[in-house]
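In the two complexes that follow, chain A is the common piece, with chain B as its partner first and chain C second.
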Partner chain A sequence: MTEYKKVTQEIVDKLINIVGERNVIWNEPDKLENYSHDEITDKKYAQMPDVAVKPKNAQEIAEIMKLANKEQVPVTPRGAGSGLSGGAVPIYGGIVMLFDRMNKILEIDKTNMMAVVEPGVITNELNQLIEPDGLFFAGYPMSVESCYIGGNLAENAGGGRAVKYGVTGRYIMGLEFVTPEGEILNLGGKLMKNVVGFDLLKLLIGSEGTLGIFTKVIIKLLPVPKARVDLLVPFADPETAINAVPRIMTESGIIPTAIEFMDKLSFETSYKFLNEHFSHDDAGAMLLIELDGTDPEVLEKEYEMVGKLCQDNGALEVYIADNHTTIERVWRVRRNVAEAFMVYSPVQSLEDIVVPIGSIPKILKDIKTIAEKHDVLIPTYGHAGDGNLHATVVKKQEMSLEKWEETLPKVLLDLYAKTHEYGGSISGEHGIGHKRKKYMVDSVGAPAVELMKRIKRAFDPNNILNPGKIIDA
Partner chain B sequence: MKIIVPIKQVPETSNVKMDPETGTMIRTGVEPIVNPLDLYAIEEAVRLKNQYGGEIVAVTMGPPSAHKALREAISMGCDEGILLSDKKFAGADTWSTSYVLSKAIEKIGNFDIILCGERATDGDTGQVGPGIAAWLNIPFSTYVSQISEVTETKVTVKRIVENGYQLLDVERPTLITVVKEINFPRLPTLDGKIKAKQAEIPVWGPEEITAESEHLGLKGSPTRVVKISTPKVSRDGERFSPKTDGEMEEVVDCIIRFFEEKEII
Partner chain C sequence: MTEYKKVTQEIVDKLINIVGERNVIWNEPDKLENYSHDEITDKKYAQMPDVAVKPKNAQEIAEIMKLANKEQVPVTPRGAGSGLSGGAVPIYGGIVMLFDRMNKILEIDKTNMMAVVEPGVITNELNQLIEPDGLFFAGYPMSVESCYIGGNLAENAGGGRAVKYGVTGRYIMGLEFVTPEGEILNLGGKLMKNVVGFDLLKLLIGSEGTLGIFTKVIIKLLPVPKARVDLLVPFADPETAINAVPRIMTESGIIPTAIEFMDKLSFETSYKFLNEHFSHDDAGAMLLIELDGTDPEVLEKEYEMVGKLCQDNGALEVYIADNHTTIERVWRVRRNVAEAFMVYSPVQSLEDIVVPIGSIPKILKDIKTIAEKHDVLIPTYGHAGDGNLHATVVKKQEMSLEKWEETLPKVLLDLYAKTHEYGGSISGEHGIGHKRKKYMVDSVGAPAVELMKRIKRAFDPNNILNPGKIIDA
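And then the complex of A and B:
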């Protein structure tokens, strides 16, 4: 294990020389506390940084990295902090690097349908800017109103539209990044095809800030679908709802943009949190199905077909949202489930398993059994259309914290074992961070972990950049 | 029981941009929707129908494309939609609009309750509802947050007033404008959408509703818009932060002086 040094006044002075006094946060614990955690509520995953810096370009970042290597101080890059696996938490203290000043959209290239942005751009802001030009970026994490593009890339964020559009990485065509040792490199470009050498671009996407720091991102844009419609479909119970999903996917002949699933506890908590109301007391689960297309009339036929399939497969009702206001109203409920749970039951572990979609009904039954066996609640919601389920392990009121600490690892072991049994994976989009690090060997096998360690050492021989995440190199 | 719901098609204003030169809204690319506050009137009508039985007629004045708003109302549970559309209606203010709507409602006839949204999100006047009642010479209640009872002869409503609530018994027929607190509007259903798509929407012009032409459109409107301007918002902040505890008093003085200069205190 690498021995790191504490950040001293001398190092801070050097940082000030690089980024300016205004852009260094030092000796201000109140401010630094904000950078000690992400959206995980459990404080045991938090750690205070020694100092936070806000560079404005790749050159400044390169200098900081060189300094950090020389001084043996770890550096943790941090986007908007909306992560859910601790990726942005400085677990060995040191320097937290913030991208608040690198928030410019540098270019919208309409001819090539590409955008060039800095990593601190908020995902939704890019989409708002390019919408009038009939373009959009298909990445759609649930934190779209706050998350940074740099963070989306680091985690290879998935989200609500992956069924049709895939995840963030599919749209990243090029990168400028700073290596852990402080070199500025470029990968890819405004190219749709590129097979020169190893695909380092894909290696960096989803590397959780352990292999490099993104400073410029080239994003492929798509023509924005002219028509969008959402079907909000209550079912009597989760099984009926989930059983309808493979049928919708196969029998309709239509690829939905999204099929989101919420069980009763999930949507009720979100409705309560939003002070909204839903008039189906008999509903035990809900699907939110989104379709998009270029022709409103074609789309109408498609949603009627999908809606009827839902009716034939046990839907209690099929609600249609086909304008901006109603679409936003239904998605808001889905997007706020995670936040609502953090408010109502902060003692929890938000999980991110993904299984082949055909296995969703089976794993839902297993989740129920696991919850009963360990006497915890496991409300489940997520992206049913791509098999990614946010089973959230929640402590019951009456369970003591000591008992919870003892129980949670057992629950996770059972949950992950079942996930692997179906050929699934323990994280679909939230990543490993330090939260799930200990499950890496079980997930991918020891030889793969060893290979990852060697890759990490090749990029970062001094283990300076975001150490202790994914693997211990 | 027959309930009539006058509705309006408005531009989707949740992310609208204003033209700083003319002070008007940039309408290109803005989709027309049912005035969000009218959805509460539609929802309340559907609830009353479910409770007391009867039928609901939605009516709107607008361009030919406004049939979409009526179809939306039908998909939420209204039985019929009537579109008032004619070049002569164009440019109407709230006075002329309420006149045309009242003439259409007279023609529909036999109504018990007229339910309106509190106001439209584009014009923001809240005048058309009460205007209709005045033309029809029937009682009306505005800002209603609850319709607690409907009997053969009267309707009991709870309306929001400045420092509380007012409970009123109003004789039928009557007009009620409702506020957001009254309910949670439902979404259209698939079956409702299919029904709405197939619905025949009659289009009425001035002849059908026997409207007098001097009350119609821009010419029949007493309102004259002199100027539209966008209020300018400017923030004029200053930051005072003490470096040491000793500087605190000085900083407080600075803040007080700042407030005094701005005539805040």
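And then the complex of A and C:
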């Protein structure tokens, strides 16, 4: 394990020289506490930084990285802090790097249908700006209203529209980034194809801030779909709902934008949190299916076909939301499930498994069995159309905290074992961070972990940038 | 530079022990000559292997790699040999590895819409097999009728449909591969999302057979578009044709499947080669625009809109091909341009630059200036919809071979400098191999090359797998 130095007044003075006094937070524990955790509630994953800095460009970041290498102080980049695996937590203290000042949309290039942005831009702000031009960025994490684009890249964020549009990485065509040793590099460009050597750009995406710090991002935009419709489809039980998912796609030949799934406990909790009421009392599960396209007439044909397939496969009803207000209303329910659960029961572990879509019905049954075996609740919701399920392990009221601490690891071992049995993976979009680090060897095997360690050392020989995440190099 | 051993009878005996006598080619120079080159005609890029082997599975490949590491003999994997940058040429001799026996389509999983194949499967064979199921693999290199899927992955093949569907890598969800040191690893699966550590899968794609040997590939399939139409659109000159390209997409909001470009010399040469005649004598350039979709009526609306935009932007005519025979006929012309040129003039350098689509009109003018300055021909054709242009530097009849050898490097320097000026890249889909290795530092910068060298060493400490390609590690 690398030995790190504590940040001293002398190092802080050097940081002030680089970014200016007002952009260094030091000796202010109340402020620094904000940067000690992400959205995981469990305090055992939190750690205070020694200092926080707000650079304004790649040059300042390069200087900070050179200083950190010289002084052997770790640096942890942090976007909006909306992560769910501890990726932005400075687990060895040191410097937390913030991107609040790097929040400019630098260019909207309509001819090439590309945007150039800094990493601190909020995802939704980009889409709001370009919508009048008939363009959109197809990345769509559930935290779209708060998360930063830099964080989306670091996690290779997925979200609700991956069924049709894929994940964030598909749209990243160019990058400026600072290496852990403090070099400024440019990769790719406003280019649709590019095969000049190893695909460093794709390697950086999803590397959770351990291989480089993004300072400029070139994003491919798409023509914004002119028509959009959502179907809210209640089913009697989760199995029936989930069984319908692969059938909808293979029988219609239509790839929906999104197929979201919520079990009863999930949607009821969210409705309650939002102070709303859903009338279908006999519903045991719900699908939220979104379709989009260039032509409203075609879309009508398509949603009728999809709606009919739902009914043929056991839907209790098909509600259609085809205007901005109703669409926003159904998505609010889905988007707020995680937050509603936090309020309802903060002692929990939000999981992020992904399996082949054909195996979802089977693993749902297994999840039920695992919950009963360990006497916990595991409400499940998520992105059924791409197999990514947020099974959330929740402590029952009557279980003691000691018992919970002892039980949770066993639940996860069972859940992950089943996930691997179906050829699945323990994280679809939240990443490893330090929360899931100990499961890496079981997940991808020792030789793959060894390759990752060597790659980390190739980029970061002194193990300065976000150490202790994903793997221990 | 690594010192390699010559393959001896003793090593050949060990190879025979692994793969069997009939799967080793040794002391047969006529047969081995086939594996000394790819599709580059220039003999200076060719090199004879010592021996060729045909393993049948990952276990045999792992044994070969362990042997090669022990004996310090280089191994060069070779697909169909349809490459265009020398990636499959054994430039240090040693072992060429062939995949003729690993040509099985192992599984078509309709529920998950995935195929599992061995690397020696011909790309088109997969599509022919799955078409009756209403599925297709969207990778579409121009050599689709001969190239192997393993080679597509190694080069991250692009081709004609990348405008809408992206390149090969987008569809690769899982991999079994053998590391240069002889470990068998599995990455990903039948999964649409997966963020468990560094994206080794994406790093391997496009690594030109230098980081690992693919032994099993999991491919995401799409519902096959039920309707397809091609527009063949002659223009008076290349500038007018190319100026229309970004306008077609931004003004219609439609992303065509393909927008291919041919200048006069290119399409005339191909028509002549195919013994056909094209009636539009005043055409100085041509666009071939393909649209596809689920609904024939929508497609009709779309192609009328695109056709009208072409006419508004200077098209001389819009020919519509909407059945299999006519579609195949127009694509044959485009697919045969490269081969027609080989016959017409084998002394040439087929280039593969890519620029932002908005910069294509400008670089076309520059290409004309460069051709005149150096007294060579540079006919240009390619994938205009994604900015990837196969400018082909061709020796004029009257130029001596000595003068050509002296001129070509200067032409390339000028061409690449202009490409970089527009934020472009020297290879969109053919790769670096050893043909373009010396331009790497100018292309991506010394720090990026250094990172690539370290990555190569991380995977292949003895520099055994396809050495001397992309970079000198």
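To be clear about the criterion, the second predicted complex is superposed on the first by the 473 of 473 C-alpha atoms of A that agree within 3 Å, B and C clash if a C-alpha of one lies under 4 Å from a C-alpha of the other, contacts with A are read in each partner's own complex, and residues count from 1 in each chain.
Assume a residue touches a chain if its C-beta (ideal position, glycine included) is under 8 Å from a C-beta of that chain, and two chains touch if they have at least 3 such contacts.
On a predicted model such as this, the values are computed, not experimentally measured, just so you know.
Peer 1: Would you check which partner chain A:T294 touches, where first means chain B only, second means chain C only, and both and neither mean what they say?
Peer 2: In the superposition, A:T294 contacts chain C only.
Peer 1: Using the touch definition from the top, say if A:A321 reaches chain B (first), chain C (second), both or neither.
Peer 2: A:A321: touches chain B, not chain C.
Peer 1: Is A:K396 in contact with chain B, with chain C, with both, or with neither (first, second, both, neither)?
Peer 2: Neither partner.
Peer 1: In the overlaid three-chain picture, which partner chain does A:H277 touch, first (chain B) or second (chain C), both, or neither?
Peer 2: So A:H277 only meets chain B here.
Peer 1: Please work out whether A:K368 is in contact with chain B alone, chain C alone, both, or neither, and reply first, second, both or neither.
Peer 2: It touches nothing on chain B or chain C.
Peer 1: Once the shared chain is lined up, is A:P223 touching chain B (first), chain C (second), both, or neither of them?
Peer 2: second
Peer 1: Among the partners chain B and chain C, which is in contact with a greater number of residues of chain A?
Peer 2: C
Peer 1: I'd like to check the shared interface: which positions of chain A are touched by both chain B and chain C across the two complexes?
Peer 2: Overlap of chain B and chain C footprints on chain A: empty.
Peer 1: Considering only the defined contacts, which chain A positions touch chain B in the complex?
Peer 2: For this pair, the touching residues of chain A are 128, 132, 231-232, 276-279, 300, 303-304, 307-308, 311, 317-326, 328-330.
Peer 1: State the interface residues of chain C toward chain A in the complex, per the touch definition above.
Peer 2: 109-114, 134, 155-156, 158, 162-163, 166-167, 169-170, 179, 183, 185-200, 202-203, 205-207, 211, 222-224, 226, 246, 249-250, 253-255, 294-295, 298, 301-302, 354-358, 383, 386-388, 423-432, 440, 443-445, 447-449, 451-452, 454-459, 470-471
Peer 1: Under the touch definition given earlier, write down the residues of chain B that touch chain A in their complex.
Peer 2: Touching chain A from chain B are residues 12, 14-15, 29, 31, 33, 36, 75, 184, 186-194, 197.
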